[in-house]
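Think of it as A, B, C, D and E in the order they're written, each chain with its own count starting at 1.
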Amino acid sequence: MLESLTLFGFGPDSWGPAMLRAAANTVAVAAAGFALGGSLGVLVAWAKIAGNAPVRWLAAGYTTVLRGIPDLLVIYLFYFGSGLLLTPIAQMFGAEGFVSLPGFLAGMGAIGVVSGAYHAEVIRGAFYSVKTGELEAATAIGMPRLLKFRRITLPLVARHALPGLGNVWQMVLKESALISVTGLVEIMRQAQIGSSFTRQPFTFYFAAGVLFLTITILSGLIFNRLEHRYSRGRA
Amino acid sequence: MTPPAQPDPALPPAVSVRGLRKRYGKLEVLKGINFDAHRGEVVSILGSSGSGKSTLLRCINMLEIPEAGTVTVDGTEIALVTRRDGGRRPADPRAMDQLRARIGMVFQDFNLWSHKTVLGNVIEAPTHVQKRPRAECIAEARALLDKVGIADKADQYPSRLSGGQQQRAAIARALAMNPAVMLFDEPTSALDPELVGEVLRVIRALAEEGRTMLIVTHEVSFARDISDTVVFMNDGVIEESGPPEEVFAAGNNTRLARFVEG
Amino acid sequence: MDFEFLSQTFVALLPGIPVTLELATLSLMLGAGLALAFAVVRVRRLRPLNWLVIGYVYVFRGTPLLVQLFIIYYGLAQFPEIRSSFAWTYLREPYWCALLALALNTAAYGSEILRGALLSVPRGQIMAAQACGMSGFLLFRRIVFPIALRQALPAYGNEFILMIKATSLASLVTLADVTGIAARIIAETYRPVEVFVAAGTIYLAISYGLILLVRVAETRLNPDRRDPAPVAGVGAARKEVTP
Amino acid sequence: QEKSWDTIRIATEGAFPPFNLTRQDGTLDGYDVDLSNALCERMKAKCTIIAQPWDGIIPALNAGKYDAIVAAMSANPERAKVVSFTIPYAAGGVTFLTSKDNSLADVPYVDTLIRLQDPKDADKLKAALAELNTAFAGKVAGLQASTIATEFFHKYLPDVKIREYKGNEAELDLAAGRVDMIMASLMYLSDLVKQDGRENLVLFGPRFGGGLLGQGAAIAVRQDDDALREKLDAALEELKADGTMKEISMKWFGFDVTP
Amino acid sequence: MTPPAQPDPALPPAVSVRGLRKRYGKLEVLKGINFDAHRGEVVSILGSSGSGKSTLLRCINMLEIPEAGTVTVDGTEIALVTRRDGGRRPADPRAMDQLRARIGMVFQDFNLWSHKTVLGNVIEAPTHVQKRPRAECIAEARALLDKVGIADKADQYPSRLSGGQQQRAAIARALAMNPAVMLFDEPTSALDPELVGEVLRVIRALAEEGRTMLIVTHEVSFARDISDTVVFMNDGVIEESGPPEEVFAAGNNTRLARFVEG
């Protein structure tokens, strides 16, 4: 116990600040990826619900493939594959050598497209539990699509989707650990670095768990508030 | 009882329906409906349960797209285009929305927005569709809620209201847009006789302002009191239509007579 | 891309499939049972169990599965008491540790999904059942659960697929599942993208089978959603019971 | 066009002390890092050193994320198929570790290098493997995946049960008794046993090198970057010759690892 | 019209309500309700919207637990115990269920189970609460659906039904349990006059079989035709009760008179 205090306190030899910096990276890459995934998810859910056959087919392909393949593959493709794609483009513009996405962007992109598939499923499920009549009432009163979406559909869907989105956020948060192959120092990578330095893997992975738990508890508070807000008027 | 302002047949009809057909799967619900409603005219639609009355109202503002036929509102036909899969859709969604904003609708099952209070339900469309100043909308909404007798429920959520209160909130919501045409689907079903009288008075006042009204109702006496025209639907077609005195004249049509007798 | 290498890798990965499937199936079954029990505890607020479950869910949703696996596998092993106890016959084995961690993890997620679904069952429908004299387990089995299940299914489908992929962490405690074998091939050949494509195909096939199953279940549970052709706009794609 | 290599991006793992490690403040340090800096000074090149986790260290090189890997990477034939190596800059071979209460602790530590494909060592190798095969009956080895140790077991001790770990967790399972031994680089293990709390760990068995174990640690570059490799080779020769390499080695290992 | 079978006052009342009070937050909805309904008696409950009629019905089978007062069904008082937090709950849940199975209820908003077909809704309770053989239940259910005129909709899901069809399905569901007491919350609100007449006949037949019926309705003529007793609620109390001829006698009570006139 005392030993871990000196390990994670704030002295010069302490791993506390490093772990906190890593935690900030985790939150940043997860939040950016979650936001990207959320936007994608809304689009894809919408395509699945209201699209014509080819659009629905595409959307189904997307959610099936991205949920089905290992996340690490997506990250590899984003991180290593982006070079293959970007280098020729950059060289056309006169750049030299290799050009590819920085770790953070590659991670954010990978998390975004993967979590987009999960977002889409959650949102789709939530949409089906909204009463049609309430949406029809908005159409009947002459709301244009976007307005209806923003003022009526979104809040009603949010009410049902929030618990599921909470799950997706938790998933994304932890998926960020895989981003370390890109060299981004997030919590799990920092734990690995610390454990190899001190040769105390268990202590570091335990600390990583505590950090993750803290982040989830804090974000859980936000989700609870949102849930409360969107459940107003519920029978 | 004073008769409502006379509709003016010189103008084009406010709502004109021609050859409307709608089916759900194998079930043909509307089998070619034709009728006109003139400006300021109150049309009651009667008919047995399942005869397609709600479906007709829903087709008029294109909540359901009819397979065939046209709907013309205020001289403009609602243009539909045929999709590749054979279904149809509104040709110009923007124009469709603008039109819908001028057609108020009170649903049979109210469909109040559950995430908004009663007041929120009423001011939603005026503030966001018509983009009028919020304070003005609130003042008007409160007046409307007062008129339908639920001013004290303005800040409640719909799930906390009794059936009749929900119905009145739905009426207030439709009126708040100040629509030229109103579609009422059984607007008095959950109301007590006192309130039915109240709604009757409101509808009459609206008709005098020149608003056109299509009212689905089961209450023969209500229809008799309020309508310029009564339409009797049966099995997907209009079987009878005309001024109430004529339509309700005994022996006119056995099906209708049986219907009215109960 | 080198297709010969790809197909060789594919064949080499095949023996991992049973391990992956077995881990996923067992942990999902165990987890779903626990999840349902936990969700009921939460919805009915059975104190003091309620608090325990809240804490449990927070911890298991709030930490990476990897950490959970580490703590169960390496952490417990640090205590000589455990190593000399009966439990060590199981905890000693990576397989049981992985199964335990996976099941406990999915139970936490599943219980949240089911809780949300249970809460979304319309009150009127429950009242109608109570008015018929239903209560307790009968009410739950015949009305509440079927309605909740319809709502939960898309989200639980996500969870199934996540678990298929989560089993890959078992390779970290030395199990030779599909990922475990893939990691070994990568270590020998340094061609991660090809190996991941081969492994990805396998995971995708498994997930796709699962998605099909979930979709069949969804249409069976929502016969009223089998509309012949959805009409105009988002709202018209389905019908729900009028309030 | 030909690159002049006056700027070089170098990757290291940053989690394999004392070769390479990351300090609390995020700075990289260790034998590999000091060596890299010395090399760059010698080549008059501007260098940036970045940390890259082991899993992706070779793919990222080939994807062009950086130009060279200096990460205690053994130059073995398998890897040489996908990257090209400079001359080795550290050699110590690999050996075994167990805990004192394990019967393997009775196998003596043989502080001489057995070269796998060297005909001179063929008899020694045969005898050693025979001895190990009997000693290892019923034992389990814990190895880090993607290392030469795994390949060694596959080839020379195929009947011994092994478990593969992603990182250095095999040490934990050695402590828990789930595995009986670890095989890793001598330089890494000899540093490990010096750490606090590892008093009950001992080295045992012979030291192996050469063959599939490679000629020792070398720098990896992309296969078509011959100019860079030659430049690095030249600089390494210089550092070897003028004793700089020995100096760095003494600082980090306490003994000379120069091949 | 033949009067319904005479209720027998010698037996204990089928339903007896004493001092019932119920509040939602600050709003006191029921302020001490007392009344009896004898076996085979048809009691109509009238009252303005929001006066607490639905709440009263829900309290009778304890779907809402009243803060004070007792409900006695067939001579057995529904025992409530006070919880630690001050609320009350049924003392014996099993007995409560058995009682509820003998009280049928038709909700104002139907509450059909959305995951079951119409037939599924009707046979659910007979097969699973009463545990009667499935085939028998199905036969009975089909007969009931035929009686309410929706036999052709037996295999449809509720979301595909018109308002009136849903209401009839709900009535069939309640009747399927063959209950001794029926609570109807506006059973004819979505029905056309023809069907209202039909439901009136059904209710009369049920009364003749000795069933007790409490019917919330807004239709004065319906109440007049069908009831042995009319109860007029206003603002949470019973303001008037007695045989229809007496209650509806003009000038009896200004509030009621105004209510009936509309």
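Here is the rule we use: contacts are C-beta pairs under 8 Å (C-beta built on N, C-alpha and C of every residue); 3 or more make two chains touch, one makes a residue touch a chain.
Model, not experiment: these values are computed from the prediction.
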Any chain that touches chain E and chain A: B, C
Maximum centroid distance from chain A, chain identifier (CA atoms): E
Chain pair with more C-beta contacts, A-B versus A-C: A-C
Chain A and chain D, separation of their C-alpha mean positions in angstrom: 37
Euclidean distance of C-alpha centroids - chain C vs chain D, Å: 40
Interchain centroid distance [CA atoms averaged], chain B/chain D, Å: 82
Whole-Å separation of chain centres (CA-atom averages), chain B against chain E: 30
Numbers and ranges of chain A residues touching at least 2 other chains: 76, 80-81, 131, 133, 136, 138-139, 145, 201-202, 235
Chain B, residues touching no fewer than two other chains: 63, 85, 108-110
Contacts with two or more other chains, residues of chain C listed in rising order: 70, 74, 78, 122, 124, 192-193, 222, 235-236, 238-240, 242-243
In the complex with chain D, residue positions of chain A that touch it: 12-15, 17-18, 21, 76, 79-81, 83-84, 87, 97-98, 100, 180-183, 185, 189, 192-193, 195-197, 199, 201-202
Chain C residues touching chain E - in the complex, by the definition given at the top: 122, 124-125, 127-136, 138, 142-143, 146-147, 150, 221-224, 238-243
In the complex, chain C residues that touch chain A: 58-59, 61-68, 70-71, 74-75, 78, 109, 112-113, 115-116, 120, 122-124, 151-155, 157-159, 161-162, 165, 168, 179, 192-193, 196-197, 199-200, 203-208, 211, 222, 225, 230, 233-240, 242-243
Chain A-facing residues of chain B, complex: 61, 63, 85, 93-94, 97-105, 107, 109-117, 124-125, 128-129, 157-159, 173-174, 177
Contact set on chain A toward chain B in their complex: 52-53, 131, 133-134, 136-145, 147, 151-152, 155-156, 159, 230, 232-235
